[in-house]
Amino acid sequence: MALTIAAIPWGVMAILLPLVGALACFLSPRRANPLGLVTAFGVVACVAGLAWQVVAQGTQRYAIGGWGAPLGIDVYADGLSVLMLMATAVVGLGISVYSNSYFKRDKAVNFWPLWLFLWSALNALFLSADIFNLYVTLELLGLAAVALVALAGGADALTGAMRYLLVSLLGSLAYLLGVALLYHSFGCLDIALLAERMEPSPAVLAAVGLMSAGLLLKTALFPLHFWLPPAHASAPAPVSALLSALVVKASFYILLRLWLEVFPVTAAALGQLLGLLGAAAVLWGGLQALRQTRLKMLIAYSTVAQLGYLFLAFPLGSTIAWQGTLYLLLSHALAKAAMFMAAGNVLRFGGHDRIVDLDRVAQRLPLTVTAFALAGVSIMGLPPSGGFIAKWLLLEAAMLSGQWWWMIILILGGLLAAAYVFKVIGYAFTRAVMTHEARAVPATMEWAALALALAAILLGLVAPWPLALMEIGLPFGGEAAG
Amino acid sequence: MSPPSLYALVGIGLFTLGLYALIVHTHLLRKILAINVMGSGVFLVLVALAARAREAAPDPVPHAMVITGIVVAVSATALALALMVRVRAETGRAELPEKRPE
Amino acid sequence: MNWNAWLPLLIVLSSLSVGLVIFFLPEERVATRTTLNLAAAVLKLVLVGVMIWGVVHGHHYVTRLPLLPGLDLVLRADAESVLFVTLSSGLWLVTTVYAIGYLEGSPHRSRFFGFFSLCVAATVGVALAGNLMTFLLFYELLTLATYPLIVHRGTDAAHQAGRAYLTYTIAGGALLLVGTVWLYGIAGSLDFSYRGFVAELADGHRAALIAIFALLIAGLAVKAALVPFHGWLPQAMVAPAPVSALLHAVAVVKAGAFGIMRVVSDVYGIEFAAGLGVTLPLATVAAVTIIYGSMRALFQDDLKRRLAFSTVSQVSYIVLGIALTSPIATIGGLVHLVHQGVMKITLFFCAGNLAETLGIHKVSEMNGVGRRMPWTMAAFTIGAFGMIGAPPLAGFISKWYLGLGALDAGQGWVLVILAGSSLLNAGYFLPVVYAAWFKLPADTWPAERSFGRRETAWALLAPPVVTALLTLALGLLASAPFSPLQWVRSITIREYTP
Amino acid sequence: MKKTMNLKPMTEGGKIRTPLRLLLIVLLSALAAGLGYAVSTLSSQAPGLSEWVAANLESSGVSNPVTAVLLNFRGYDTVLEMGVLLVALLGVWSLGGIPEQRESSAGPVLDMLSRLLVPVLILVAGYLLWAGADAPGGAFQAGSVLGAAGVLLLLAGWRPEPRFAGLPLRIILTMGLGLFVVMGIVSMLMGGRLLQYPRSFAGVLILLIEAAATLSIGMTLAALFRGSRPGAKLDR
C-alpha cells in the first residue's frame, strides 16, 4: 500500500484532521492553544493538497466505506467546493491566529474544540454529495456555532444564541422534511443521482419549497434575517468573524448546489422572487447599517446587505452571474472577517464600540483602522478589490441579460456601503495627536485582521485564476465562462 | 389510503402543529418542545413512508436516518435547555426579548 | 526581461511603493521621509524623461496584466498620456518640496505623505491607462487616496469637505462604472484608440451610445468640477495648501478633464462624437461653467475660495477646447491642461505662503503685502496675469488657440464667452494684485511668523518662483521644439488626419 | 437598547395578536394541506434502497440491516453525529455551569430504586448492544439505556469522584468518536477507503466501535443531564 501524495484523499483529510484536533484539544485542555494552531496549519495544507489534486486531475469523487452511491456516501470536490474550502482555510487560519491571542485560558479551553468541530463540519459540508449527510453537517455546524456565540456570556449573547439556535433548528428540520420527500420520491440521496432521476411532481415541489425555505432562513435572506444581527454582533469577535464570513455561506452553498444540479427542472419561477428578496436585503441591510450606533451591529447589518447580493444571480442565471456571485462570496468572506476582527481590536482597546467615540481609539490602532478601511474598499466594491470584480461581473451579467434594474440595485447597494464604511473611517482622522503608548492589543490580532483585508484586496488582482478554478467540473452548467 | 401514508399525514400534521406552537408561544420551554414535536413529525414521515410497499420489508435506510436524527434532536434539545436556563439566570425571564440590542 | 513592457508599471510603482513604505515610518523620522519623497519624485521624473525620449523615437511602452478574462489592465505610453504624466510628475516634485516646508512640525506627516504618494501614483495610472477599465480603476483609487488628504486636519470643516468630496466623487464613480460596463457589453472592448473604437456600432446602438456618453461624461465631470457637479471643489479648499495644489493642478480636476478628453477622442473619436451630436451640449456646459465659475470667484473674499472658483472656470477651458471639435480648439484645450496646471499651482503656493507667513486668508487682508513678500507676490502676479490671458504668458497661448478654434468650428459665440471670462478674470485678479502692490499695508499682519532676513522659508518660496518662471517660459517659448504646444500640435494632427 | 427595527410589534404583552393568529392558522393549514397532498401523491411502491442493502448485507459484517446502514454503509453519517452529541456537551459545558438544581435529598425509595435498577439497566444495555448485530437494537439504544442509568444515579445524589472527573471522564466521552475515526484512518492506511472494513472482521470491528460508542453515548447523555462540567466551579 503506497500512499503517494497524489493518492492521498486530501479532501477526507481536511474533514478528519480538524475532528482529530478537536478531540485532542478536548482531551488535553492545557495544550488547547498550540494543538489548535497546529491543526489549523495542517488543515490549510490538506486543502492546498486537494486544490492541487483538483487542478491537476479534475474533479474528485471518493466513495466512503468503498460502497459508493446510492448505498454509501460519496465525497465530491469540484471547482466550486474547492474555492469554498480555500476561502474557509484562509479565513480559518486567520481566525485561529487571531483567537490564539484573543481568548484567555478559560475561554480558549472551550473555544478550540468547538471551533475545530465547526471547521470540520464546514469542510464536510462543502465536500458532501449526499443530501442527508448535508443535513448532519448542517446540524454539527449549527450547534457548534450556537455554542460559540454563547461563549461571550452576558444577556445579549445568550439571547442571541438562543434565537439563533431555534432558527437554525427550524431551518434544518424544514430541510430534513424535504430530504424525506426527495428520498421517498427517487430512492436515493446522492445529488448527482437525484439530478438524473429528477422529474417534477407535487412531492418534489414541496421538497424544493421546504429545503429552500429552511436554507434561506439559515442564510438570513431578507426578511428572514432578523436573527442574524443580534447573534453576530453579540458573539466574541473571532466568532462573529467566522459566522459572517463562513457559516451563513454554508447554507447558501447547499442552496446553490441544489439549485444548480437538482432543482432547475422545477424551480425556475422561484428565481425572480429570490432576486427581489436579495434586492430588498441589499437596500434594507444598507439602510439599517447606516442607522447603527455600534460598530459590530453596523458590520452585522452590512452582512445582511452583502448576503442580498448573492441572490441577484438567481434571476440572471448566466455563468457570468454565478461567477460574480461566487466571487462576491469569497471576497466578502475575507473582508467581513477582517472587519469583525478589526472591531474586536477596537473593543479590546477602548472597551466599547460606540461609533461616535471611535476617534481616540482609531488614532492609536493604525493597523486595525487600515484593515477596516481596506476591507471596506472591497465591501463597497471599489477597485482594486475582490468586491469590485464581483460587482463588475454581476453588472455585466445584468446588462447582458437585459435586466438592467438589477444594475440599479448593485449601484445603490455600493453607495450605501460607501456611506456606512466612511461613517466609520472618518473617525480615523481627528485632531487628536498620535501618542505612542503601550498598546493593549496584541500585534498578532492587528496583523491577522490586516492580512485578511489585504487578501480581499488581492483577490481583485488575481481574478483570472479563481475564475478558471470555478470552471473545473462546470458547476455552473455547460457553457464556458463568458 | 394505505396506513403508512396515513401515518405520514399525521407526521405532516405534527410538523405544522409544532411550527404553529413555535411561532405563537413566547416561553422558551414551549418553543423547545414545539421544535421537538416538529422533529417527531419529520421522523414519522420518514419511517412511515419507508413501509409504503406492503409486500417487501420496510426500507432500513430511513430508519437509520431517523436514529441519526433522534440523536441530533437530543443533542440540540439538551443545548437548548441549558441555554434557556442560562438566559433565565441572566435576564430573569425564560423568553426572548422583543426589543433587540442595537 | 522586456524593458518596454515594464516602464509604465515602474512609473506607477515608483510613487506607490514609496507611499506604502512611508506609512510605516515612525513620525519622527523626518530626514528619511524627506529623502524618500524627493528621491521618488526625482526617480519618477527621470523615468518619465526616458519614456518621452522613447516615445519620440517611436518606442512603444505597454504593460499588460490580465485583470479579468478578456479584459486586461493596460498601462500605455501615448502622446496624450506623456503630456499628462510629464505635467503631474513635474509638478509633483515641486509640490513635494513645498509640502515638506509647509507641514514642518505638524502631526501625522507619515500618513500625509503616504497618501500624497498614493495620490500621485493613482494620477499617473489615470494618465497611462490604456483602456477605460484601467482608467476607472485608477480614477477610483484617486478618490480613495485623496479623501484622507482633504480631511487631514480633522477639523469639522475638513470632515464636512471630505463628506462632500466623497458624496460627489463616489456617486460620479458609480455613473462611470455603469457607463463602462454598458459600453463593454455592447462594444466588447474598452481599449483606447485614436479616433475611437465605437464608430462601427453606430447603427443600432445610436441611442445607447448617447446614453453611455452622458453617463461617462457625468462621472468624469464630477472631478473636472463642471457645473452642476462642482460643489465639492470650493469646500475642499479647507485642506492644506499642498493638497489644494494637488487637487487643482496636479491630480484630481486634471484627471477629470483628461478623462473627458479620453472619452471624446479615444473612445468615441472626435468626428464620430460630433456626428453623434453630443459635443455641442458638452461645449455649452463648459461655457456655462466658465462664466459661472468666474462670476462666483468675483464675490469671494477668502483668497483660496476665490482661487477655487477660478479653477472651476479655468478647467472648463480644457473641456471646451475638446468639445469644439476643431483641431485648433483641441490644441488650445490640451495645452491648457498644462498651462492651467502650472499657473494655478503658482497661485495656490502663494496663497499658502501668505497664510503660513502672515496668517492672511482673506483678500481684504492683503493690502500692501507686496512689500512684505515681494517674491511671493511677484510670482502671484505672473500667475494672475497668466490666468487673465495677458500675453506673453502661458494663458494667452491657450486662449488664443481656443479663440481661433472657435472661429474654425464656426462657433462664434464662444468668442463672447472667452472675452467675458477674461474680463471676469481680470475683475477678480487685478484688485488683488493692485491691493498687494499699491495699497498701504495694515500696521500688523493677522499672524506673522519671522523667517529671518528672507520673507519666508526657502522650501515655501522656491516652488512658486519656479512655477511662475515656468508660466513665463511656457508663453515665451511656446513655439520651441518639445514645448507643450508643439507636443499637443503633433497629437492633434494624429487625432484629425484620417 | 434602542427601539427594535421590527416594522410593527407583532406581539403585545408577549401574546401574539388575534388577527395575526388567525392568519397564521390559515397559512399553516394551507401548508399542511399542501404537504399532505404532496405526500399522498407518492407512488405506493417505494423506490427505496432495500434491495441494495439486502444485496450487500452479508458483506457488511452484521445481519441487522439498520445497524449495517448505521455503522457500515452510512457509517460516515454516524461519525459526524457522534460529533454532534459531543459538540452539544461542549456547548453545555462552555455555558459556564448550570445553576445546580437543588439537591433532591434522595428519599429511600429513589435510593432503593437506583440500587435495584442501575445494574439491570447496565445488563439491558449490554444485551441491546450485543443483539444489535442481528436484531433491533444497537449502540444508540444501548447508549440511551446506559444514559438513563446515569441519570438515575445523578438523581439519587451520586456524583463522580473528582479524580475521575478529569481525563478519565473525557476519554470515555470521546472514545466512541475517537475509535470510529481511528478505525477509519486505519482502514485507509490498509489501502482501503475511509471506514472500509475488511470483510472478514467487519463484524468484530463494528461491535468494538459500537461498544465504545455505547459507553460514550451513555456518559454524554448523563453529563448533559448533569449540565455543568464536573469539578467546574459555577461562575455565578
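First chain written, first letter: the chains are A, B, C and D, and each begins at residue 1.
Assume contacts are C-beta pairs under 8 Å (C-beta built on N, C-alpha and C of every residue); 3 or more make two chains touch, one makes a residue touch a chain.
Note that the structure is predicted; figures quoted are calculated from it, not measured.
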item	value
Pair exhibiting more inter-chain C-beta contacts, A-B or B-D	B-D
Rounded Å distance, chain A centre to chain B centre (Cα mean)	27
Whole-Å gap between the CA centroids of chain B and chain D	15
Distance from chain D to chain C - Cα centre to Cα centre, in angstrom	71
Mean-CA-position distance for chain C and chain A (Å)	43
Sites on chain A at which at least two other chains make contact	132, 136, 139, 143, 146-147, 150, 177, 181, 183-184, 226, 293
Residues of chain D whose C-beta touches two or more other chains	2, 5-6, 35, 39, 42, 46, 48-49, 53, 74, 77, 81, 84, 87-88, 91, 95-96
Interface hub residues of chain B, defined as touching at least two other chains	15, 19, 45, 49-50, 52, 61-62, 65, 68, 72, 75-76, 79, 83, 86, 100-102
Topology of the chain contact graph, where touching chains are joined (line, ring, star, complete, other)	other
Contact footprint of chain A on chain C as seen in their complex	23, 27, 65-69, 107-108, 111, 136-137, 140-141, 143-144, 147-148, 151-155, 158-159, 162-163, 166, 170-171, 173-174, 177-178, 181-182, 184-185
Of all residues in chain B, those that touch chain D in their complex	1-2, 5, 8-9, 12-13, 15-16, 19-20, 23-24, 26, 45, 49-50, 52-54, 56-65, 67-68, 70-72, 74-76, 78-79, 82-83, 85-86, 89, 95, 98-102
Contact footprint of chain A on chain B as seen in their complex	15, 19, 22, 28, 31-32, 35, 38-39, 41-42, 45-46, 49-50, 52, 61-62, 65, 68-69, 72, 75-76, 79-80, 83-84, 86-87, 90-91, 96-97, 100-102
Chain A residues touching chain D - in the complex, by the definition given at the top	1, 3, 9, 12, 16, 19-20, 22-23, 26-27, 62-67, 70-73, 110, 113-114, 117, 120-121, 124, 132-133, 136-137, 139-140, 143-144, 146-147, 150-151, 153, 177, 181, 183-188, 201-203, 205-207, 210, 226, 288, 291, 293
Chain A to chain C touching residues, read off their complex	366, 370, 377, 380, 382-384, 389, 391-393, 395-396, 399-400, 407, 411, 414-415, 418, 422, 426, 429-434, 461, 463-464, 467, 481-482
